[in-house]
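Down below are the structures I want you to see.
In the two complexes that follow, chain A is the common piece, with chain B as its partner first and chain C second.
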Partner chain A sequence: MRKYADLAMIGIKEHTAYAGSLWANFLAKIVYLYMQYALWTGLFSSNTGKNIPLSQDETIRYIIVATLLSAFMECDVIAWINGQIQSGDVANQLIRPLDYKFMIFAKHIGTSVARFVIYTVPLGIVISIFYPVRLFCREQLLYGILSIILAYMIQFLYSVIIGLMAFWLIVTWPLNMLLAAIYKLLSGAWIPAAMFPEFLTVINLILPFRAIYAIPVTILTSPMSFASICENLLVQLIWVAVLFITSEAVWIVGKNKLIVQGG
Partner chain B sequence: MSIEVNNLTKIYRLKRGQKKLAVDNISFTIPDGEIVGFIGPNGAGKSTTIKMMTGILVPDNGSVSIDGLNFKKNRKEIMLKTGVVFGQKSVLCWDIPVIDSLKLFRDMYRVPKDVFKENMDAFSQILGLDEFINHPPRLLSLGQRMKADLAASLIYNPDILFLDEPTIGIDVLSKERIRQFIKNINEDRHTTIILTTHDVSDIESLCEKMIIIDKGSLIYDGTLPQLKSIYKTTDLEEIIKKIYLAGEQRNAKIC
Partner chain C sequence: MYLLKMYRHFVIIYMKGKLAYHFSLVFELIANTIQIGVYFAGFMVIFHNFDTIAGWSRNEVLFMFTTSWLTYSLSCFFFWSPMKDMGQLIRSGKFDLYLTRPIGPMLYIVLQQFQYTFIPRLVLSVFFWLYSMRSITIEWTAYAVLFYAINMLSSFVIFSAITIFTGAVSFWAVKSEEITSLLTNNNHGLKNYTDYPINIYGKGIGFLLTFIIPYAFTGYYPVASLLGKGLPHPGFAYLSPLIALISGTAAYLLWNYGLRHYNSAGA
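What follows is the complex of A and B.
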């Protein structure tokens, strides 16, 4: 266990190595949140809200919680893996007596802890000062946390799979750029998934994205029946299993394709 | 630990169905506790062979066996006993102090506390590690980084050490110290060392045995004095030049 704690510690230290970037990141999140707030308030005041399934209050709570979650869930796993494969530094990981994915995961957790303390907590404080409402459904908080843990794993496994595509593509950022837009939209990080038109909702049912933000944020912010909570958690569990098996397969096949350039 | 390489082959598949034979049916044995120089011109397939011997690349044919263990079955076991230093790639985390990377390796390879301390003292004495142990690698000079990398790969007392151009870009005095250090490690711990280098004096001062490969094939496998007696000169650089040149000419004829 100690070695994973060390890796998590390294994740924390690496993330906090450059103080200037932390401030810039934090300010960017405040600006983003304000922009979202202004946008939705504007939208709701120009339209009486009759076509929108969520109320103004629900929407803004959703956006706030989604932003708080993404502040610590979104790490650079795709870029790490891609960079290591492209530069050949992955060789340094392959000679270790540990599983590559576990090493990355430990570092990812460390980074998330750092991000939680640096971004999510201060952001939460800022929000509680300027927009003092009850964000969470207290009765569903426990299920919400469970759902966040599952979402965290889905987000990680998804990133690993995309990152490992570098075995075939060498450079994954164009693929990532393409998928990032789909990811941000369908996961419900930008817009509450409940507002999607019919066909997007159908597409979303067969894709893992909504399990990352839409499900946990909805459980956290809007009251729902016990049955539908269980259903949502089950969907997340299935995606964890599917993505875990896929990532394992991609790793096994991809590793044999590895060419470590130069050196 | 001894290493046995049998009929090792690696083919790189390039675009449009082209293939490049990087390593062609190589076999050799490296006995326990020896320092072996592994040399060849640029693009000879040295690094590819080393990467297959360290389990990074999967060979297309043939096998690597380390004391009877192989990468398919005993991967973790082999990794716990193997140290690798790439002169052109650092194993250290770029932005965090060297000591944190060393502590990571201590826990990763389950090094007992007293062994860790003993090794740290030794590294500080010979390599001057204590001077820069609290700096991150990005602030170190190339020589310091190399010393830190050596320390990171030896902190867990590996039985086999792969050194891929460990003296590249290092000044004369530091080179001398690094060589002395490698020699001491081999004598004290009986570590098997495989050394690739383009620096002839590295080989002269360290290696008893030499393996030369060119165009993916084995050219020579024997001792240093033997090689000198074949070519009737003690100038190793001259011998190596001759061998490389002969390889080029052979290649030109085929084309």
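What follows is the complex of A and C.
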């Protein structure tokens, strides 16, 4: 356990080493958030009386919470694994007496903690000054947090599977770019999933993306029945199980395929 | 004329180099197509539940932002890659190489490459530009066509000037990549603000996009005038050529000033 905690510390240190770009990243999030706020406010105020799945308040809160979550959930797990497999560095990781996936996970947690402190907390403070409303449904906060934890695991396992594709692919960035684009749209990190047209909702039912943002953010920001909360959490649990088994299988098959030249 | 000839030679060499890895070239184009395609898909999803924004219909907004994307892609063919790399060129000392060429360094770094990764953006913009044109009401009189064409040209100059500006900043602040990203990133860049009518933003942002980083003149003001939208200052619709002239000159002067004061980082 101690060793994994040290790995998490490395994650924190690596992330905070370049303080210069942190400011630019933080500013970028504010630029993004204000644009989304203005866009949705503009849309709602010029379409009053129309039947829209979410109310204006819910939409704005959704956008804010999704941005706050993505500020610490999104890490470079795919790039780390890609890089280690392509450079052959993964061999050095394999000879360590630690589990590879847990090592990556420890580093991921460390990075998330760093990002939470650097981005999510100050962003939350800025938002509470300029948009002082209650962001979360208090009664559902506990389920929301549980859902975030599940979403965090799904996001990690998904990233591991995509990262391990480097065992088979020589060039990985086109796949990453393709999936990043789909992920951005379908996960609900950008547009509230409730706003999706019918066919996207149907496609989304069989894909894991909505379990990463759409489900936890909706639980946190929109009042819903206990039954549908349970249903959503169950969907997330199923995805954790499916992705965990898939990632184990991909790891075992990929590892046997691995040949590292030289030493 | 000799410039065109030189550009042709450069581009042929450049593309030969890229085509040596034709798989990665094809992947690059596909990946870019998907990235831009998803942006348009997202735009359609956003408007799925809504008809209008600030008095603009969906297709009017689409027409406005593809107008500015068209000129942006064209400008990026020439300026984006060299200006994005300026920070790197200066840090590594490679920029000194261009100072020893028989043509100006700006001309050289622009002519020696062709940023084909913007082709998908251009193609998709043209597609949605034509798509949006079917359902908007603009009377294409000779005057309107001329007005639109002049504004396209101005918008090209404004985009190029802003790109050159971000590149020229590298002469002083060695990390200009962050400024470039803040302005033009596909997810959170300031340029995205101009994909929608700017009267949805507060006054401060309107001022910023009009007078400080004049993105609003690349699409919003002229197109609003063409579509007969009420602007708070109707005269702004005719200012694009002037703004283009000012920003172009400013970028030119800043670049030259930076060049004169450039001390090599050491080779």
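Heads up, the rule we're going with is that the second predicted complex is superposed on the first by the 258 of 263 C-alpha atoms of A that agree within 3 Å, B and C clash if a C-alpha of one lies under 4 Å from a C-alpha of the other, contacts with A are read in each partner's own complex, and residues count from 1 in each chain.
Here is the rule we go by: contacts are C-beta pairs under 8 Å (C-beta built on N, C-alpha and C of every residue); 3 or more make two chains touch, one makes a residue touch a chain.
All values derive from a computational prediction rather than experimental measurement.
When chain B and chain C are set side by side, the one touching more residues of chain A is C. Of the two partner chains, neither chain B nor chain C is touched by A:Tyr100. In the superposed pair of complexes, A:Phe116 makes contact with neither chain B nor chain C.
Once chain A of one complex is fitted onto chain A of the other, the partner contacts of A:Phe244 are absent, as it touches neither chain B nor chain C. When both complexes are overlaid on chain A, the residue A:Asp6 reaches chain B alone and has no touch with chain C. Shared-chain residue A:Asp89: touches chain B; no touch with chain C. Of the two partner chains, chain C is the only one that A:Ile191 touches; chain B does not reach it.
Residue contacts after overlaying the shared chain place A:Lys29 against chain C, while chain B stays out of touching range.
Of all residues in chain C, only 23-24, 27-28, 30-31, 34-35, 37-38, 41-42, 45-46, 48-55, 175, 178-179, 181-182, 185, 187-190, 192-193, 196-197, 200-202, 205 touch chain A in the complex they form. By the touch criterion given at the top, residues 2-3, 5-7, 9-10, 13-14, 17-18, 88-89, 91-92, 94-98, 255-256, 258-260, 262-263 of chain A touch chain B in their complex. On the side of chain A, the complex with chain C involves touching residues 20-21, 24, 27-29, 31-32, 34-35, 38-39, 41-43, 46-47, 50, 52-53, 171, 173-174, 177-178, 180-182, 184-185, 190-191, 195-197, 200. Across the complex, chain A is touched by residues 12, 47, 51, 54-58, 76, 79-80, 82, 84, 86-91, 93, 95-96, 100-101, 103-104, 107-109, 136, 164 of chain B.
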